[in-house]
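Listed after this line are the structures, all set down as structure tokens.
Paired with chain B in one complex and with chain C in the other, chain A is shared by the two complexes that follow.
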Partner chain A sequence: MPITTSDVSEYLRKVAEVLAENKEYLTELDSAIGDADHGINMDRGFQNVLRKLPAVEDKDIGTILKTAGMALVSSVGGASGPLYGTAFMQAGMAAAGKRELAAEDLLAILEAALKGVLMRGRANLGDKTMVDALTPAIDAMREALENGADLTEALDKATAAAEEGMKATIPLIAKKGRASYLGERSIGHQDPGATSSYLLIRTMAEMAHAKQA
Partner chain B sequence: MIALVLVSHSRQLAEGVRELAAQMTGGQPVPIFAAGGTDEGTIGTSLDKIMQALDQALEAGEAAVILADLGSAVMTAQMAVEFLPPEAQQRVRLADAPFVEGAISAAATAAGGGDLTAVVEAARQAGALAKLYEESAPPASAEPPAADEAVAQTEVTIVNPTGLHARPAASFVQAATGFQAEITVENLSKGRPPANAKSVMAVLGQATAEQGERIRITARGPDAQAAVEALRALVESGFGELEEATGTPQAAPAQPDAEPTEAAQPGQTLRGIPAAEGIAIAPAWQFAVARPRVEKRRIAEPEAEIARLREAIARAKQALEKLQADVARDDAEAARIFEFQRTVLDDPAILAALEESIRREAINAEAAVEEVFGEWQARFRAMESPLLRLRAADIEDVSLRLLRELSGEEAAVALPDEPVILIARDLTPSDIAQIDMARIKAICTAGGGATSHVAILSRTRGLPAVVGLGEAILAVPTGTPLAVDGGRGLVVVEPSAEVIEGYRRRAERRERLRSIALQTREAAAETTDGHRVMVAANIGGVESAREAVAMGAEGVGLLRTEFLYLDRETLPDEEEQVAIYRAIAEVMGQRPVIVRTMDVGGDKPLPAIEQPPDKNPALGVRAIRLSRLYPDLFLTQLRAILRAAPGHNLQIMFPLITTLDEVRWAKAMVAEAKAALAAEGLACADDLPLGIMIETPAAAMKAEELAHEVDFFSIGSNDLTQYTMASDRENEHLRDLLTPLDPAVIRLIARTIEAGHAASIPVGLCGEMAGNRLAVPLLLGLGLDEFSMTAQSIPLTRQLIRALSQEEARSIAARVLSLTTAQEVESYLRNIAAEVETRLEAGR
Partner chain C sequence: MKKLINKPEDVVKEELEGMALAFPELIKVHFEPNYIYRADAPVKGKVALISGGGSGHEPMHGGFVGMGMLDAACPGEVFTSPTPDQMLEAAKTVNSGAGILYIVKNYTGDVMNFEMAADMARAEGIQVANIIIDDDVAVKDSLYTAGRRGVGTTVLAEKICGAAAEKGYDLKQVAELCRKVNINGRSMGMALTSCTVPAAGKPTFDLAEDEMEIGIGIHGEPGRTRMKLKSADEITEMLALSIIEDEAYTRTVREWDLEREEWVDVEMTDPPFEAGDKVLAFVNSMGGTPLIELFIIYRKLYEICEKKGLTIVRNLIGPYITSLEMQGVSITLLKMDEEMVELWDAPVKTPSMRWGV
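What follows is the complex of A and B.
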């Protein structure tokens, strides 16, 4: 069953819900090694996405994603704004004109999003950033699809890999962002960006399950 | 000039670094814009703020360099650049540099005229330098120069008291940047290694020097010799500080509040207050009234000398009256300047002092005038009220006039044959009356504000003018080439060929637009989608009514009647007023003429009646308030208007309304006047439309209620701005606050128009704003029905309206209403105006 424009809109609404629920958790993680605003920023960003959504819901998936990206850049205020904003805008370019997505299309879109994040933030794997959750998740998804898994299964694999990647940030020294100024003191804390990335992937998997049921 | 954009997580940091960097520009107008914090003012970055700062920077400079403090600032700035059109992207670079040092270094290089690459490079290297002088720098190991390379070197002692530090260092670097040669500077007295003379960070880091210390300047490259000589001269001149410190004592008392004067450098841009739009390129010409030489003489017959003095005073008074009447024909506002001068000549204290000094000391009248007036001038200069301090200049003017009358000398003002740009400390209407304005291409003054009489007169004559330029403009020698941009308030001293070319192109463009506009003078002020508005003139007499018709005014949106009251000892009677209103109405034919009842009092006191002095004239008894205090005066004016109306299209407007009660009272007075005229059997108009000015926030807030009382509204944007922004129109320190483009003023205007339309009455606007090219699209979009302005502005305004669609204007207005600062509004509207003018020029 392909992913439709209304699935994408619903996904954005779900993410907004999940981030609202996790607002304090993310902020708490950020207060340990950053500037204690990641949860608040992500919540504000997606609330803004919700406001912009109704105007483009009948448009193609590319437009919806680009609009979400623009909404994030213009409202988040912290580093996650340009990073997630670029991710969604690149994803939107990859989905331009499409009204339906197959599993492979979603993979291509996620790859484009990750490329956007790397281009914007110039982080490497192991720098203790959102890249540490996104990269393994997309790798796992690609591998699962290549081995004949369906979308739900592939997203489950991606979620598991993202979670693992997120947890693996705990012992790392931050190399990017405000946390990098802490040096060794950043060890022992889970990266809030990797955490929100994990939540975004997990929400995708949850939706796939709900749709299958 | 390269502009800078400073992006920080913190609003305060961005602002603070902006201030710091601005200090390094040595008075050069490097445009620096701060974009700090989120839209809510919290810590973070705002895409919107960055984009706005970029827009402004690209508008103000030929290119822009961005400096950002931390990760998200960098990333958000990158995205902002990506959102620019490709042409604009070419003109922007993001500098990979430390925020504070980078900004300082970039500002200094930009001030020296460095190009985009040079400024980015300066910012980038600031980081390396910051590290360099922590470690001990390598000793001065001057590499042997290549054989074909010119090398020049000199040693010089620092003579200025502050030494080679902040500001002098900046001007040193600025001067060095202008040369191709590689230049170093080293402090020999302290034995420090040479520093790159083109980097302010390097100079400040390792080459600072105190007064009395010796420095060595070394240059390598084609212009090495010239560079060394220029820098040496700069150091020897004490970086301009010396003249400031040792200013001639004779000159000092004459201008006690003179700011330090720095001689303007070639290519330097002086920034003042934009007073009248337009561009001019011509040589400077310093206007200074020659002061007759006064010799103190003993006289034998004091009484004869006193008689001579009295005659001179009488002649001076006559001359003043004539001048006042002449100027009043053009500009009633400006003519009131003479009022004070006349009171000085009538002042018994001054007269007594003059006579006594002649009698007691047996000296000639000229010497007595110098003595007594000098004393009074000093007294006024020492006063606390700035308004009174300004009067010192009037006293000086009066004493000159008296001296001239006594000596019988004419004030000869010999203008050169070629057209010039007139420069003066300030100009009184009497100065202006002496000058053949046909030979003047622009006016620049050291003092004055945007609403000063120089500004008003220049606008009426269509001359570009910049005021408030400070002492620097007075240091420009006569004959120096200048380029003036009145709309931006800029004066370029000895402009380069490039600058001249740029100014010339803009001047030609303006001229083309104007001629397009004049050709279509008869066309209606109608948008491309058929929305019709009215373009009318503000006038102050019969002469200006003729000019209004010549410029294609569809009516008079504001007839100022003050000229009837201000220049005279007696009040105008009813017959006199009827004659004048009729004369104006006849010039205007069937076009509507809105007569504003007397807007006098406050800062325009009536000589003919006793008025308690207002401590704060703008907030005192003026306009309708004075009418209520003197109902007979008001009634006479109403009767005159009503009697002049039959056969013409006159309307009555009441100024400075703040309450409903005032409107009801004024209407009752009109009814009373009509009844009286009917009883006397005099013909009068029966159904004259009655309107009010919306020029106080109080009236704008009650526009809904007021709209039910009257037939039309006219927004007085000048006063509405002054009262909304709580800023005196005459105070030059508040000029940034005093803009009708502030969102607060715009919202009040929007509200007024909406309320008027809800009650089905037309709404006009009769301030400077109506003819302002930036404001016209906005006002059109807000739904304004009538634009009333100086006649000179009519053709272009009509053209602007004809190039826009109502739909487009509405969306412009909607966007403006969502903006939060005057700067944002201005930068947005500037882009719109440029776009519309390009469209106009493209010949459609």
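What follows is the complex of A and C.
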């Protein structure tokens, strides 16, 4: 079953819900190694996405994702605004004109999104950022699809890898963003951006399951 | 939380409304997106300077908009960088055709939002250069961190480059001057108390009655070390020596190359201070420290500079780049040459810095 435009809109709504639920948790994580605003930032951003969504819901998937990216860029601020904003804008570019997505298309879109994050933030794997959750997730999804998995299975693999990557940020020293100023004091804390990235991936898998049922 | 506010979410909006009412002859305020701009913008033939950052550092940046300094300032939420649409709209409003210089403090969020804003402005045919200010010597390593933070030197760069733009420097010249100010300026700050972000409602960090935090940033980020409180003289010595004895500092920053029209990595080195240097000494309150204490600090700083062979040729003393109500101080020393002294003395007329007019 391909992914449709309304699936994409529903996904954005779900993400807004999940981030609202995790607003305090993400902020708590950010207060340990940052400036205690990641949950607030992400919630503000996706509330803005919800406001912009109705106007483009009948458009193609590329337009919907690009609009979400612009909505994030213009409302989040901080480091995560340009990073997630660029991710969604690049994803939108990769989905330009499309009204349906096969599993392979979704992979290509996620790859474009990650490329956007890397281009904007220039973080390396292991710098204790969202990249540490996104990279293994997309690698796992690619591998699963190459081995013949369907979309739901591939997204389950991606979620598991994202969770592992997120947890693996705990012992790392931060080398990018505000947390890097703490040096060794950043050890022992989970990265807030890696956590929100995990939530974004997990929500995709949950939707795939719901659709299959 | 005890603050003179109405609702935490209205703090920035209501502050801007107040500023607009207080200085109608100097500035105008645009809402959604938020930016403060010169009442007489765009100024014909002049390079326009735009800065911005999180709110909570007042008077920086909005208080520095006006003749001889900034053309526009983009305030974000408290301690959160502004968004690119603010900088883009501000650029469109103040651009006279001579181009825009974005002065950006080195925080990941600020840097990325200004980069996006610059790309968007260029897509609309506006010439934009961006210069990063990274002068906080409390951050030692640039290889394993996002690099030194932008603090006190920002204020000095805005004044000096603002005067240069007023004098007719073109975009490339103003950008070069801004780079020069940045590599010749060094700062270090300390806190006696934390501060409370209105939306958070509680202090950013806990500091015992007999403790202080050395090497703080301007967002209440934890500093380099926490230690038992010392006397004003001892604290001044610690900050001043960290600055004066700081070795050459090299890092790579991403800048827009105006000729090649692409982002390039530029390696830059801050030369260390040497005996015989002329400096501007800037003693800044973090918001809660009164002038009486700043002058006690300045007195000791003067003595230390003299001992080290540095001549203070100009000074700036007061609350200019703050962290809400935090008690604490930062010291900035900027090595000056004749051009910089002349530009420093040039007339300026803004809400919070005004002389020569």
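Keep this in mind: the second predicted complex is superposed on the first by the 213 of 213 C-alpha atoms of A that agree within 3 Å, B and C clash if a C-alpha of one lies under 4 Å from a C-alpha of the other, contacts with A are read in each partner's own complex, and residues count from 1 in each chain.
Throughout what follows, contacts are C-beta pairs under 8 Å (C-beta built on N, C-alpha and C of every residue); 3 or more make two chains touch, one makes a residue touch a chain.
This one's a predicted model, so the numbers in the text were calculated from it and none came from an experiment.
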Worksheet item: With chain A superposed, do chain B and chain C clash or fit?
Response: clash
Worksheet item: Taking the superposition as given, does A:208 touch the first partner, chain B, the second, chain C, both, or neither?
Response: neither
Worksheet item: When the two structures are overlaid on chain A, which partner does A:120 contact: first (chain B), second (chain C), both, or neither?
Response: both
Discussion item. Looking at A:134 after the superposition, I want to know if it touches chain B, chain C, both of them or none. Which is it: first, second, both, neither?
Written reply: neither
Practice prompt. Decide which partner touches more residues of chain A, taking chain B and chain C as the two options.
Written response: C
Discussion item. Which partner chains sit in contact with A:37 here, chain B, chain C, both or neither? Use first/second/both/neither.
Written reply: both
Worksheet entry | Which of chain B and chain C A:176 touches, first, second, both or neither | both
Worksheet item: In the superposed arrangement, does A:185 touch chain B (first), chain C (second), both or neither?
Response: second
Worksheet item: Touching A:83, do we find chain B (first), chain C (second), both, or neither?
Response: both
Item to complete: Name the stretch of chain B, from among 117-125, 243-251, 369-377 or 783-791, that runs into chain C once the two structures are superposed.
Response: 117-125
Worksheet item: If you lay the two complexes on top of each other, which residues of chain A touch chain B in one and chain C in the other?
Response: 35, 37, 41, 73-74, 76-83, 85-86, 120-121, 176-178
Worksheet item: Can you name the residues of chain A that touch chain B in the complex?
Response: 35, 37, 41, 73-74, 76-83, 85-86, 120-121, 176-178
Item to complete: Report the residues of chain C in contact with chain A in the complex, numbered from low to high.
Response: 33, 54, 76-77, 79-85, 107-109, 112-113, 115-116, 139, 141, 144-146, 149, 197, 199-200, 204, 217, 219-222
Worksheet item: Residues of chain B touching chain A in their complex?
Response: 38-39, 42-48, 70-72, 75-76, 78-79
Practice prompt. Spell out the residues on chain A that touch chain C in their complex, using ranges where they run on.
Written response: 35-37, 40-41, 73-83, 85-86, 120-121, 173, 175-178, 180-183, 185
